[in-house]
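Attaching a single structure in structure tokens format; questions to follow.
All chains are identified by letter, namely A, B, C, D, E and F, in their written order; residue positions are counted from 1 within each chain.
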Amino acid sequence: MDNKFNDKQFRAHVLAEALPYIQDYTHKVIVVKYGGNAMINDELKNSVMRDIVLLNLIGVKVVLVHGGGPEISEMLKKVGKESVFIDGLRYTDEETVEIVRMVLAGKINKSLVNLIERIGGKAIGLCGIDGHMLKCETADPKLGYVGKITEVDTKIITDSLDAGYIPIVSTVGYDDEGHIYNVNADTAAAALAGALGAESLILMTDTKGVLRDKDDESSLIEKIYVSDIPSLVKQGVISGGMIPKIECCKEAIRRGVHKVFIIDGRVSHSILVEILSDSGIGTMFINED
Amino acid sequence: MDNKFNDKQFRAHVLAEALPYIQDYTHKVIVVKYGGNAMINDELKNSVMRDIVLLNLIGVKVVLVHGGGPEISEMLKKVGKESVFIDGLRYTDEETVEIVRMVLAGKINKSLVNLIERIGGKAIGLCGIDGHMLKCETADPKLGYVGKITEVDTKIITDSLDAGYIPIVSTVGYDDEGHIYNVNADTAAAALAGALGAESLILMTDTKGVLRDKDDESSLIEKIYVSDIPSLVKQGVISGGMIPKIECCKEAIRRGVHKVFIIDGRVSHSILVEILSDSGIGTMFINED
Amino acid sequence: MDNKFNDKQFRAHVLAEALPYIQDYTHKVIVVKYGGNAMINDELKNSVMRDIVLLNLIGVKVVLVHGGGPEISEMLKKVGKESVFIDGLRYTDEETVEIVRMVLAGKINKSLVNLIERIGGKAIGLCGIDGHMLKCETADPKLGYVGKITEVDTKIITDSLDAGYIPIVSTVGYDDEGHIYNVNADTAAAALAGALGAESLILMTDTKGVLRDKDDESSLIEKIYVSDIPSLVKQGVISGGMIPKIECCKEAIRRGVHKVFIIDGRVSHSILVEILSDSGIGTMFINED
Amino acid sequence: MDNKFNDKQFRAHVLAEALPYIQDYTHKVIVVKYGGNAMINDELKNSVMRDIVLLNLIGVKVVLVHGGGPEISEMLKKVGKESVFIDGLRYTDEETVEIVRMVLAGKINKSLVNLIERIGGKAIGLCGIDGHMLKCETADPKLGYVGKITEVDTKIITDSLDAGYIPIVSTVGYDDEGHIYNVNADTAAAALAGALGAESLILMTDTKGVLRDKDDESSLIEKIYVSDIPSLVKQGVISGGMIPKIECCKEAIRRGVHKVFIIDGRVSHSILVEILSDSGIGTMFINED
Amino acid sequence: MDNKFNDKQFRAHVLAEALPYIQDYTHKVIVVKYGGNAMINDELKNSVMRDIVLLNLIGVKVVLVHGGGPEISEMLKKVGKESVFIDGLRYTDEETVEIVRMVLAGKINKSLVNLIERIGGKAIGLCGIDGHMLKCETADPKLGYVGKITEVDTKIITDSLDAGYIPIVSTVGYDDEGHIYNVNADTAAAALAGALGAESLILMTDTKGVLRDKDDESSLIEKIYVSDIPSLVKQGVISGGMIPKIECCKEAIRRGVHKVFIIDGRVSHSILVEILSDSGIGTMFINED
Amino acid sequence: MDNKFNDKQFRAHVLAEALPYIQDYTHKVIVVKYGGNAMINDELKNSVMRDIVLLNLIGVKVVLVHGGGPEISEMLKKVGKESVFIDGLRYTDEETVEIVRMVLAGKINKSLVNLIERIGGKAIGLCGIDGHMLKCETADPKLGYVGKITEVDTKIITDSLDAGYIPIVSTVGYDDEGHIYNVNADTAAAALAGALGAESLILMTDTKGVLRDKDDESSLIEKIYVSDIPSLVKQGVISGGMIPKIECCKEAIRRGVHKVFIIDGRVSHSILVEILSDSGIGTMFINED
């Protein structure tokens, strides 16, 4: 047989191999926290959206949660907003949260909706204010309108999923006094995954996952039990900016999410690889086997 | 009987009188174009949102379409965007449409959602990109990204109404090449009302309605047949900025909307007055009796 | 602004103020015991029926229970039926219960249905025999066919409500031997409200409510806790014919009804005033705050 | 084999033979006009109700329409109402129609409901006022409140059938001015059968059916084509009180009812015999084979 | 009245008498184990199928389970398969189970489906492999592929019943290694009845039922309490081939089936007699009154 | 990056590329005629079943129609059935059709069901008798019980698809006289595809497709318009056993099937290749572009 033929067959084999993974995820909810390079590079962006549409099509209920990336800083700069730092952390005043909201819910969110619709998916752009999804309080008075989620109302998400849409969520919250808050996207994704009883939470990052030796990409830890996290922190394997991310993983699992993945968003189709194959490309957190 | 008692009864009579109007509108769709003073004055804003929630509660399917008002100009100024005028009309370049989109879909839209949710309604903030609702093309190449609607897909609106939400729509559109357009809110409201087979379209303005003598508020024309519009234009009764608005009324009726109202948004609860009483406060356009 | 205009706005304000009350009652069941003057005076009758249709329209599930009023005595007189009194109470023999049934289920009930249908509501006239709704036994052998309810089957009521009808119920019951009973309408309304898990039971009377001094209408007690009833009886505030009525209130609350109102049926739109405003016009019975 | 055994088997054979007839009627509507002896004799009454419950149980949608029989005259006599005759026909004044309504909708109707419920069926007692089912106008001004049906709204009937109830209908109608009318039960049954698109209309009478020689019961005509009616009238085979009854048959078939039966209500289980066997016991009217 | 007339009425009486029995079985599940003479004699076969279609039509959910009868032996003989006996019991090797499966699921099953469809019923032919309904393990390694049921998945049965079909089930099972098993039809019927929460299980046999004196057909025991079985076995009333059958009865009742009948399949319409009359023709097993 | 990594990504790319093909087929019906080598070789059989389960899982409604292959001849030989040939064609007498039915519906069909269930799909084994799906008459009296389909009732197929099952169909038919027929599987698949309004019909064969030069596998014709068939027959490109197969393709398209594929069943996953990629591996028949 000719090569072209072999290639076709090989592709069919690949598809056929996805069967058991699809069987595992049909009708289940996956929350994807989208961010980092995958949000900047156009080709990666496209590959993520295609993965999402494909998963939606084969019956997986995907919720996409996104953060803001560099576009927020850019916009703050454009309007000449000076950042105020308190104890080294940026203070979010009312004007800043307005800009954040506009960039997240008005620009990035609707661009992602547009991208998915153009590929042939049906998307709906929401934020934590719609259907009063994410209720917040001040995380820390010193930081201003940085929100800590106190209640999650998933009705608008499940209504959207039931009607066949892919909900795209900007992580902006509200409180009863009419204030708006900027919420950390990892935290919001974990809270939503927990409240939705999601099968998996996927955090897209710009790293390979958790590395035993952070300078050696080949030292990736493929599976971490939640109970092993403290000792990994103590050993310094989990450190710095990874710590709050891992806290989100822990929290999501505590609320009933079965599996949390930290995957490398710099690799195209990393979501499909993680979901539809046996050997993922990142680090998986689970409770126990 | 004491006065307090009389007052209670009078209030009950007023409620009871609303019965036939509620009977007329139950399960029907009303599209409200929200704008002008009603969008700036906090008390009026609140009164409009309460009217909308009340109508939703008594079984009317309300869709709120909003424009941008002064917040767009303000934001453009803030980012130091100079407006370019071509033949006296403002040119909307890509950066401008980005700002428009952020202000409309990120700020105003979500603020309205928040307001309605706080009153106890269930709202969902959408724009013409969600569910690819408003497909556009360039209205006039000289004006840049000012959109002319070429297709309306109401599915995301009817899905939202069926799930009990009040859809709030920012008038931003898309095209197949990935461009985003700013769409005139009156035109978008008329297009949506037509596509939804709405019972009524309500355009909130800062005038009493169509006045026979524009300097005499007591000369309000309460009912205009679509067939009478040309002669009213000829007589100069309809002129200036009112002309494109009246064109929207005509177009909506041509597409099957039964009644179009131009009402005075400066008056509190003007929507309820118009919908739930016999003697409205603005000008009604109909096809024929 | 002219007066006419002010009036319109005032009316709109009144409607708008009803919003939170409508929000409280949407999809909830209210059982109204209709009787007294409100059943005799044509204008009051009309006002009650309009209130009921309005409540039905705005999503409240209203069940109307009616008694017989003077029409039973009139008919008994017409057929020359002499009333027999035993220990001062009227004896209900088989012929009497036949007349009662005809007047209730054949005349009054269908007249109320007709009235509601003419206003534009959808009504269905039922009695305790339909769907074997009210099973009875003899309340007291000395009194003949006066029924004490032993079982309530609400299926025919909920089927009617689900299909959008306003059920109008004549308080006639049955037993397994094929006998028919006349049932006190207050008791039947309380039993139905309890079995339906109603939000409220409204008893229409010809008094202002419970008065601290029965000769002073300004001494109305606006709220009574069920636990306060015994002391009010002891003090003589609740006395005479009011006692069995208050027993019904107590019983309904014991079975789970949240609020019971004794309201003045002589006042037009008293139901709307009570349901759709903060300051009712009668006495409210509740369990505790 | 013993006799008892044979008997059991014979009974089983009888049941088995009903199979094709049940297959023909499943999910179809049958309107039964109930009257005459079958309404007076307790055993016959019971047998009719059992037949109805059985048909309902095996999936036939039965609607029972009843007239008043001697109970109306009895009640009129009781209240001392003198009948006025105009041109030999009884005049129905307002007081009379009140009595008629009470006897029909309050007494007979609810007794039939009770009977069916006691046998284990679910019945709902309605009249032409409920759900504004039978709209009327004066049949002849000289006769007062004798109604001619001008509109049939079957919604309340089909809602009842869909919820599994056997609707029992008193033939009382309404008009837009608030008047109540007495309607001939045969006519009402025919109108309902037509409006419901019934498979069959069964008129229970106190005759064997249409006899070729009215003095010879063995001369029963088993099948009459609608087109043969005029010549049968001319021949005098159809005459006297049979003529309006046959007009009803004709009218029902004209409106789409497939088969109309005039059956002998003096025979127990005559409905089952007619519906569930090949050789009926009355006269069948059809359009053509 | 003539005889023919009397006969008609008698038949109607018989039908009417079935009412309470139909009321008892509506919407309930009956599992019928079909076998013996009723499967060989064409007239009996026809009578059974008519009974099943009739029961299905009047709302009873009938599941027909069949064994193989003499056709299996005939086929084994045809292919020259020698039966091997181990300890006096026939050994079922792979080739035998293949033949069994073909005869059961390919011939007998589809013939029964055909028969029911021809009478006007809707039937679907299934075996324990479809929807993986009957999971098995080897009952006894010495006997080869004779299956003992370890799990029942009723979904394919209830899906079929809900869609209105009469499921006809061949008692062939599967295991996780891909083997096929022959399952005893009585046992399979009992297991299915238990898993379905059936109201009744009917075992058709070639005996009158359980006889106190096996040589005297008039000594039929009409009712046996499960608790009496051991003493009946001890007394020898239940003996030989009857013992495993009675074990099935016991097991079905233990799993929640209300009544189990052993009936005489040699008598036509024995199912209808048993289900639709008071005095059955076989032996009924119940738990207690 | 390491090779293993590249491989994972490549696999993800392959999955992602399937997106537009899945979008095209979601909710659509595909009828697969299964036969030839793919039915004999265990690995190929497994690969076909996996393809079917995968398609079912991603929302394609697959119906599998199978013929008999060599197992029928084997069984006929086993029972010593001599084949009679008339004019060179095998005569199917009653005994033969019995054997055919047993092998098809009892053995092959249930084995395929078992295979699919073991992979995790839900399958239901049917034949043309179930739900009276395939009504036949004698194709040619000289050939005996070889059926020509006269009516297709797809209800049992669509009921099965709606309940989520993969229907596996043996091509056995019935007639009104109770006869059973053997039906050619290609013809039956084409008739079912037409009656179901299938998107595609796939005929699995032991050839590469239609070859321009039958000795040169590289001369495969990838697309044939129905209108080109006659000239291809005339040229001898379509000849011999291919002619009736191509007739089936033509007939299916005439009845509304959009695309018919003749694919090479000797290649593993040939169905997936054909459905989920741009460049199929066989010959596609369409009406026109």
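Keep this in mind: contacts are C-beta pairs under 8 Å (C-beta built on N, C-alpha and C of every residue); 3 or more make two chains touch, one makes a residue touch a chain.
Chain by chain, the UniProt names read as follows: A, B, C, D, E, F = Acetylglutamate kinase.
Small disclaimer: the values here were computed from a predicted structure and weren't measured.
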Chains touching both chain E and chain F, listed by label: none
Contacts common to chain B and chain D (chain labels): C
Centre distance in Å when chain A and chain C are each reduced to the mean of their C-alpha atoms: 56
Centre-to-centre distance between chain C and chain B (centres being mean Cα positions), rounded to whole Å: 44
Whole-Å gap between the CA centroids of chain A and chain B: 36
Chain centre separation (chain A, chain D; CA means) in Å: 69
Chain D, residues touching no fewer than two other chains: none
Pairwise touch network: line, ring, star, complete, or other: ring
Chain E-touching residues of chain F, taken from the complex the two chains share: 75, 78-80, 98, 101-107, 109-110, 113-114, 117-118, 122-127, 129-132, 156, 159, 163, 165, 172, 174, 176, 178, 180
Chain E residues touching chain D - in the complex, by the definition given at the top: 2, 4-5, 8-9, 11-20, 22-23, 26, 47, 50-51, 53-54, 57-59, 119-120, 267-270, 272-273, 276-277, 279, 281
